[in-house]
Amino acid sequence: MKLAGVMPPITTPFENEEVALDRLRENLQRWNQTDLSGYLVLGSNGEAVYLNDKERLSIVEASREIIPSSKIMLVGTGMESTQETIRFTNQVAQIGADCALVITPCYFKGSMKPQILYDHFVSVAESSRIGILVYNVPRFTGINIEPELVARLSEHPNIIGFKDSSGNIGQLSEIVHLSQKNFAVFAGAAPVFFSALCIGAVGGILAVANVVPQEFCKIQILFNEGKIDAAKELQNLLTPLAKAVTVKYGIGGLKLAMDLAGYFGGKPRLPLQKPAKEVKEELKQLLLPINKKP
Amino acid sequence: MKLAGVMPPITTPFENEEVALDRLRENLQRWNQTDLSGYLVLGSNGEAVYLNDKERLSIVEASREIIPSSKIMLVGTGMESTQETIRFTNQVAQIGADCALVITPCYFKGSMKPQILYDHFVSVAESSRIGILVYNVPRFTGINIEPELVARLSEHPNIIGFKDSSGNIGQLSEIVHLSQKNFAVFAGAAPVFFSALCIGAVGGILAVANVVPQEFCKIQILFNEGKIDAAKELQNLLTPLAKAVTVKYGIGGLKLAMDLAGYFGGKPRLPLQKPAKEVKEELKQLLLPINKKP
Amino acid sequence: MKLAGVMPPITTPFENEEVALDRLRENLQRWNQTDLSGYLVLGSNGEAVYLNDKERLSIVEASREIIPSSKIMLVGTGMESTQETIRFTNQVAQIGADCALVITPCYFKGSMKPQILYDHFVSVAESSRIGILVYNVPRFTGINIEPELVARLSEHPNIIGFKDSSGNIGQLSEIVHLSQKNFAVFAGAAPVFFSALCIGAVGGILAVANVVPQEFCKIQILFNEGKIDAAKELQNLLTPLAKAVTVKYGIGGLKLAMDLAGYFGGKPRLPLQKPAKEVKEELKQLLLPINKKP
Amino acid sequence: MKLAGVMPPITTPFENEEVALDRLRENLQRWNQTDLSGYLVLGSNGEAVYLNDKERLSIVEASREIIPSSKIMLVGTGMESTQETIRFTNQVAQIGADCALVITPCYFKGSMKPQILYDHFVSVAESSRIGILVYNVPRFTGINIEPELVARLSEHPNIIGFKDSSGNIGQLSEIVHLSQKNFAVFAGAAPVFFSALCIGAVGGILAVANVVPQEFCKIQILFNEGKIDAAKELQNLLTPLAKAVTVKYGIGGLKLAMDLAGYFGGKPRLPLQKPAKEVKEELKQLLLPINKKP
């Protein structure tokens, strides 16, 4: 299995505020029929911060049943403390996750100096039974990992990749260039997916791929075939939707777009709420040209 | 019991990375001999984000045993999700907490619009068996609560106070002015404690009060006696230490200063680390003039 | 003449986009009848950045004619380059300015390290024939001067004061405490004027004092008489207007409020525009309780 | 003449703090021998904010003499006020500038709403005798122009292009996609020059092109020949130098690197200073692999 390609950070379906595993299984079965290379379970868009320990494990177990061995099962396991991160990473390894995505601890932002982060990730990597990917998402954490730090981390044999949701292509470019060979760098911001491929990213972990998975796979397929202009054009077509279901309307918007695209989206967990009514119409309009495309 | 005065957000002692309840009890017994009006258990400086559910409960239980009924027992119960916050708030109410401090949910910063926050706090207040205080700490959460929102929240009978760690006195001043009578507004940033008293705050929940509790009580005593200049002078004397054990050296610095002041500080939990060696000397120097004071 | 008290950063009247000196003279004559201790000419709110060299000099000259020797005439003279700042400072000294307010150079924000700023201000002070005050306004410049730097600058005999528009009372408090005796620290943010007096500021240079000069003088008079609660109450009454004519509606709002208060406000220079029509009604409502006050 | 390709924002040589036009002429004569498509005169890196009116005109006149008609002469003319911007733009048009680069006014950041900026740029375009390009440089101005606004501005026949120094490739990508055909979008941040070409930028206005002009021309030549990997590789080789002479060491660093590369760099104007001594060695090391390249 090659660590590359397009993966959605899968959303967590709720019914009456409770985790709805059957809905999750149905979504996965549909996604399995696309060219998605794998899944990120318990990512930011999986509302992992709103789930308790028991719910998290149930989601990992249910996903493991449905995700075929031909697709990557990446699980978000980063906690604020180093020891909890190690504990949970090995728990999901036990259930059968292929690798783990570890977010930068961030509550005490001012204290998260590069060496502190380095020690954290290396400690987790040392004790983890599966490979880990480092996750940089300044929009949520308020901290950014510098390319030099990623380069150092990439030297550890059990730190196998990186997801960058900053959207900063200059930084991503440096990371690809400075990190070790075979270190898998993923874009985490869909509006720059095409750009990320240009500078050497191996794939994307993209919220909007919950909604239009095959379209984002297509960008990478076109790019790999050397059809640069067609890949860029498809990116431009998809960018407005990608922005709407992340920065603009958040997870409520993402789930609403999933409903419109035939998946189970449903409501996010409180305090998150569904977007206002008019958003539905806007998302429909954004999906229209994508569906019309030959 | 009046909701006012100086309270430390008590630190969590660790020995070999495990919670050391005996050390916590010893600290509380010493603090009990001061004019502190109460305690915040499981605040930011209590490293609440590094504790699992079981550890949190054990700390609340141990604290309840030692905190006399004459002092306020405030417990930090805010989680990212509304339902977990309610669940945990009622759990600590059951153990005997007097009131709960509820932080702004913050992971999905961009989605935490005023109405979302309003709904969250009101839902928690509606379902909580004890009064709640709203906690604003932009340095950690990346979001700020505007005075207008606090004013609206203060109208709810079960939302009884506010802790502001932004250090923004203009904002705090508006909050005191706009909120309902008897709504208890606390400063959360020690360098502006004196200023906060000037504009009408009823007290302070101050990290540095773990180290020099009586000195901060003294500021308020002097202020209440109309000895404004003496209060201001004492504040100026304490400000450098207050900055060192928060913004400058974080919880590692706070715990080191506690060790120097005769409390059990110890090490923070990983990924946090002890400050560099030279910090010990610096903190000693900062404590010197305070101890010398007649 | 004592460097203290309330001063407005006087606005620049325009008629048909041209500087209207007569209107300026009329405003000054009215302000002269209040307890204002002086004026800041060519401050931010004077739209100094929109004026050319000739216009600036004409304004300084016209102001000098009308400002009595009993009131302070402070002139904003800070430019991006050190040599232009010195040149212009001595030009206004020649015309009769009492002292000069020098803003932090800010275009190359990333390069404006503390030592660079120190060298700039000291160079200006060395070559200036009048005393200079340092001006900190992060909202416009994007940089902040730390208390330690202000303390060092206060040691220079020709650096005689400081205006802080950050609104950060903790910082202002440290500046008052750390700087040399007789170094005049002014608040530059009206919503924290009362708080600034509490921590030892000698006065305020306040945009809203263009509109309601006597009311802000009254806050300081009450404070000096020890009528702390009355001073605080008056501050609370004035804060909403103060916010409206700065952060909320900018100079367009400030000038509109001046028109409503019987001064000549007029339009700001393009690209600034007058606020939308409904703002007039809002400002009227904000002025109402102030005028009603016995 | 096609508006495209690589242009340096030429630095302003000073000797004894005075503009040294002869040095400027010598630099231009050397640059003329490269594939640079033109020059930006009086850009940020030209220290335009440190020059008075007379100096600015002398630089434009001296440049006009040496820049051949086959190369673009773009001049920075943006001032804070609309009328000064128009006046100066037409002054440089009179001297023979081909087009003008107009920065976002920025002193009153909070007031620079999209419609205010739109009105400013359209007013300038209406009254300017040469075409204008809009200049977005949030690092210096503290404000950012959104793609939607650029798209609207691109509809005006006399607004002919855009320089983006934000380094935000997602945004640049949207701007290229949303703006009118033949609207010339330039990258202003050298580390993302290759990425900018991938998403459709027509060229770059790059500080580091003062130092290694031909190398950046080469990136675009390789890209245009379809040698994507070679272009990317060259970009990676040049990125560390590009960062050093902008974000890291500012104009002092840029000028020092020019000295090392055989141009006249000299010192920046005060308050800017030359970088510390050890920077010279660092820049030498960064230039080494570039010069060694076959």
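Letters A, B, C and D name the chains as they come in the text, with residue numbers starting at 1 for each one.
Note that in this section a contact is a pair of C-beta atoms (placed from the backbone, for glycine too) under 8 Å apart; a residue touches a chain by one contact, two chains touch by 3 or more.
All values reported here derive from a predicted model rather than from experimental measurement.
Visitor: Among the other chains, which touch subunit A and subunit B together?
Guide: Joint contacts: the list comes back empty.
Visitor: What's the call on subunit C versus subunit D, same or different interface residues, using the half cut on shared numbers?
Guide: Over half of the interface numbering overlaps between copies: same.
Visitor: Quick one: report the Å distance separating subunit B from subunit C, using the average Cα coordinate of each chain.
Guide: Computed from C-alpha means, the inter-chain centre distance equals 36 Å.
Visitor: Could you put a whole-Å number on the gap between the CA centroids of subunit A and subunit C?
Guide: Roughly 50 Å separates the two chain centres.
Visitor: Indicate the residues of subunit A shared as contacts by at least two other chains.
Guide: none
Visitor: Going by the contact rule at the top, pick out the subunit D residues touching subunit C in the complex.
Guide: That would be residues 17, 44, 49-50, 52-53, 80-84, 105, 107-112, 116-117, 119-120, 123, 139-140, 142, 247, 250-252, 269-273 of subunit D.
Visitor: Show which residues of subunit D lie in contact with subunit A when the two form their complex.
Guide: For this pair, the touching residues of subunit D are 167-170, 173-174, 177, 189, 191-192, 194-195, 198-200, 228, 232, 235-236, 239.
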